[in-house]
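As written, the chains take the letters A, B, C, D, E and F, and residue 1 is the first residue of each chain.
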């Protein structure tokens, strides 16, 4: 398994920057994940996934570093459950900016934030846009496994992907997380709206709705069905994520993303 | 056509709040839209679309108000083109918050931000989440026509939806915007990446990439093909947007969205 | 009537910057103006006045552009009346700064903020001072019709100039605003203080007093006597404002204000 | 001469709050005042004037306290001259707020900021408005001698009131300031503008212009003519200020200003 | 070894809060520590020390929890060495505040921040003071091993305690850190000042001096002599820290620190 | 006695900068100091001590200037006592920064903040670190008499140094402060903790504890025993402070502190 930057001396960090082009930064959260997963689950998965990516890249002859992880995220909606630690959205954005900025100042040219928590996305992207603006020679990318493989998840999963449900629990299993399988139970709130579905396989019309405090819609903290989770499903997801991430890493090392693309419009 | 709140006296505003349940707030931008569209295009379309929604609702017996519009957005990437006015992301978020907060203090219970500019989305959503947190009895929603009808746009459009291209120009035509048709020309940057497509009909693998300064990828400011635009396509889009928005308004007045749904996960 | 920048394409904006020296930016508010005026009155008047100035300048052979308007101002004291939208003072200052800064970056050399709302003045001036500091080659000016013609207003008006009273209603009439004349009524709070007068023609000793919440001193939102208003009085004010503004524009184009004068002392 | 609060113990402060209704807070600056006045001139005059007011009030049987003074102001435009100390505008506003807030928390009901520096005015007023909002039972007033007696200054002075000129130097003399009379010399920049006059007796049309860096319009730091200053003129100003301030203090103790008046309009 | 909160589910966190009175929060840094220690050294030691404290407490029958650690600190002065990640001082203070606040909201009554990095101290204390103010029923304490045992360190160490030198390296050894012993070398800058000593055993007169950028005073990043370090010395330090921390924990559980003491004066 | 900068003209300030190398900036507070000392005590002592230092330096042939003093500090914990004025910690830090920055911009090369209030220390040091970073050619130092002479204070004092007690009252006497000797009385809270002592001569184990609101631990505002104070003790402290400060000034003028030392570790 590849060495992480924070476990190396500064001289070893210097050598890694000279050798390698890309650094992965795991970004997670410390928030409730139902009765069966530890509250570090997003931070744990982001780190393990980053290491798996670096490992797969090494097998293809590409050295990719894994930087120190950000373990606190935007988790205000989970504060109804003990253990959750949340940063305000602006504060989290600043932390991401300062961590990214520290790495870029030392000479890293490509930073991939490997995110494990959906609630972080918009603030993460805001920080990434500021980093891209302030370090115009660098490439900064947001990697989210459920976005990267969205189309494949429908094939792999029965119920879908919510919070601490089938998809997330499966991936956690594949990444070696401690899962209290005897405490797993499904809790899927009923929706009477065409704009809200708690089943990923159902199609919905989309509008932007703020997330409600989770303890108002579930007792266990689970939104989904972890009993449908399995290590096999998790490994299928992981294979897909790794395969697509290898394409990304090759493009990054060949500067194909350097022109500047966009996933926004209007 | 329905009266807009800012053209009414305070007594008339008071009556409107008592009569109606929902207020639409147009949100746009003032930024370059190629050689054929005025720089107010997003603000113009957001306002006209809001009025069309209110009109359609009235025909169904539902009174919906149109509030004063926000005409400046997050447009830093377009600053290479004269005329563009941009607010910083945080500033824009604060403006949306203060406008929404003013309306909610006066007694509006449901606020729908009708957005016309993709660059506003994440900051708008951040403001909406803060409003939802600070006014727990209210419902605040983000309405974006290209998200609401994403699946249908593939059917209607040939090339797709970028900036000032086929989709946006078509809708502008349908909404009565002044379009300099003789100046329209296509400009679609070439992509060598599997993660970047400037053709909406092509499928791509998705990661988060910051938008490059637009003047680095296009001379005209257009990213897309406005020569494929037509009023007929615009009207097809508009019909679809109105139909789905009527579903949304009915759900809002029947409190179906009150439980609090989510478009996020993990 | 002159074309406004936001109704032009970016290429037309570019040409306007090359041709013209001065851009006017209307600044208003969205706040209660009594039972007889719409809540957009300050924004409406600032825009119409800017267009009238540009028109008068064109007749003298001077091209002056009208930029996109700022329609939300500092209106916290009017929040007791439905419809009012207020930005916090600091937020408003930032909006003015960002709008002015966007224009100056595109090459405008002279920016005149045409203000229609007294409550905006100090924050506007703060933004102008920051713009002047950050763009030392530019000239940025605050234009307020009631300051510019203060001496003449005493001649034209019977009761004076407060909020939604004789002076403001007259000018609104002259600028084509929709006025509900049958709802006009006078409401002038009584003052027992030598430092407070609600009659502009009375002389007072001046100290700085914060504005009270308006709903504590008036039921209608009017502070003054709109029944004394007339289109003729409004036109007399307008003529005076235009005449003096022409002097200002000539000085601006002849760089007479470039040396940097002051309206402050001590 | 009355005792100042900061020279008293906390028990004596407690007694003063119980006995007295009004506290004066001197606000000055530390900035260049030409070759003949110390850089503490605004702070010095604000303090001495406050003491003179308290003294005059005591003679009328009214106990008024003098609080600790704020000696740094908004003086960025004077930074071209050594010795000047400036706070940013926002920082100065916060300092005024915190000082006023501390006094109001201890039970003072009426706070009069006695300002000696024109550059402070708008930020001071911003702080006062916030204090009035946050302490609705209190009365907070801005006292500026040149505003309070503006009409009389024209009678007393030959050239007028600028910076370190006839008016300010005269008052400084009357308040016992150390004046280097042999270093006094006039320096009045020439104006070609109808909107700028450096002679207070000339009438001008008024617009808002940001103050230029003072070292760009004067070598000595003086803008005006201190050679026209005299102790007699200063005493005439002082008499007028004291007389009008006594009216103010009587109104304050009789709650006539409590209704909340306004010196703003529109 | 005791379980850490972030490795537990939310239900287990809930039980821990009910059972235990005290939570320890490790606070470290990610910064260069010479050629022989990994850049995570402060974060590593803070976590291991917290676990050792909890273990020792458990042996005395006192359950103490270990919360999720803060691994980024104030390390700007080490940015001359690759690998260092720094948060701005204010940002770090906010992170500590949000983490502490999250824990206190869930019902923890006593929070002990176990700090491993001297550069964090003042910002940490600032956050602690704000937490104490906002949660008046809670006790929040800053634990720093080198302060707690300052007097004993002189007895145990030959050269002293600087950065990555004898003391810190010894403790790292005792806590199981990976130490590259063959890369250890001494680097002690010479001081000509009575106010600066790089030898802890020498007495100095103390004034407050800002830390210089470390790469200006050392090539290796070491300030001190790690060759004098030994596991035995580290264990002696650890024994002392644990013994005194047990006294602290007993006082905390007996509410002896509740009255509020002070380590400040004047 | 040496002239203070704020009592000089700007030309005299200019000459002082050219002649002298070091400027002292007194920093105090305006907060309760028991029934026997005025609330300006920290500000008074910081100023008088600065003047005494400049005087002593002059006798050694070294010209040192005394700059304008900062009289408001971080005093939130004393707000239970009337008269106390407090700035928030961040605000105070900004004020120190702006004052220091103004001086450094005018050409001062060495700034010594002479602090009289322990509550200011961490925010003062934060400002000093920012000044040192932004003005790398300057030397900025924090001078605190109780730190500079900590070891000697144990010899001179019987009970110790707290707030308004033996040490502080003695020094105030030596510096000519008005002391109400008949109101002096001891008030020393009892501590049951090994970590809290209100007697400076007792040794304690040290952890970081936030200061409690002072009115919760004392009625008089005194924490200590002022009845043990004497002018003779104060003069002994003063002699020691001056002697050590002379060493500091010599080092400063000989650039011995320029290399950048540290009083922090880890």
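Please note the rule applied: a contact is a pair of C-beta atoms (placed from the backbone, for glycine too) under 8 Å apart; a residue touches a chain by one contact, two chains touch by 3 or more.
Keep in mind that this is a model prediction, so the values were computed, not measured.
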(request) Identify the chains in contact with subunit B as well as subunit C, in label order. (result) none
(message) Shortest hop count from subunit A to subunit F along touching chains?
(response) 2
(message) Give me the C-alpha superposition rotation for subunit D onto subunit E, in degrees, nearest 5.
(response) 120
(request) Give the label of the chain whose average Cα location is farthest from that of subunit C. (result) E
(request) Please compute the C-alpha centroid of subunit B, do the same for subunit D, then give the distance between them in whole Å. (result) 50
(message) From the mean C-alpha coordinate of subunit A to that of subunit E, what's the distance rounded to whole Å?
(response) 30
(message) Give me the residue numbers in subunit F that touch at least two other chains, ranges are fine.
(response) none
(request) Sort the chain contact graph into one of these: line, ring, star, complete or other. (result) ring
(message) With touching defined as stated, please give the ring order of all chains, subunit D first and subunit F second.
(response) D, F, E, A, B, C
(request) Please give the residue numbers of subunit F that touch subunit D in the complex, ascending. (result) 5-14, 17, 30, 32-40, 43, 68, 71-72, 79, 81-88, 91, 94-95, 98-99, 102-103, 105-107, 178, 180, 183, 221
(message) Please output the residues of subunit E touching subunit F within their complex, sorted ascending.
(response) 42, 76, 89-90, 116-119, 121-126, 128-129, 131-133, 140-144, 146-148, 150-151, 161-163, 168, 189, 191-196, 198, 200, 203, 205-213, 216-217, 223, 244, 247-248, 251, 256-257, 259-266
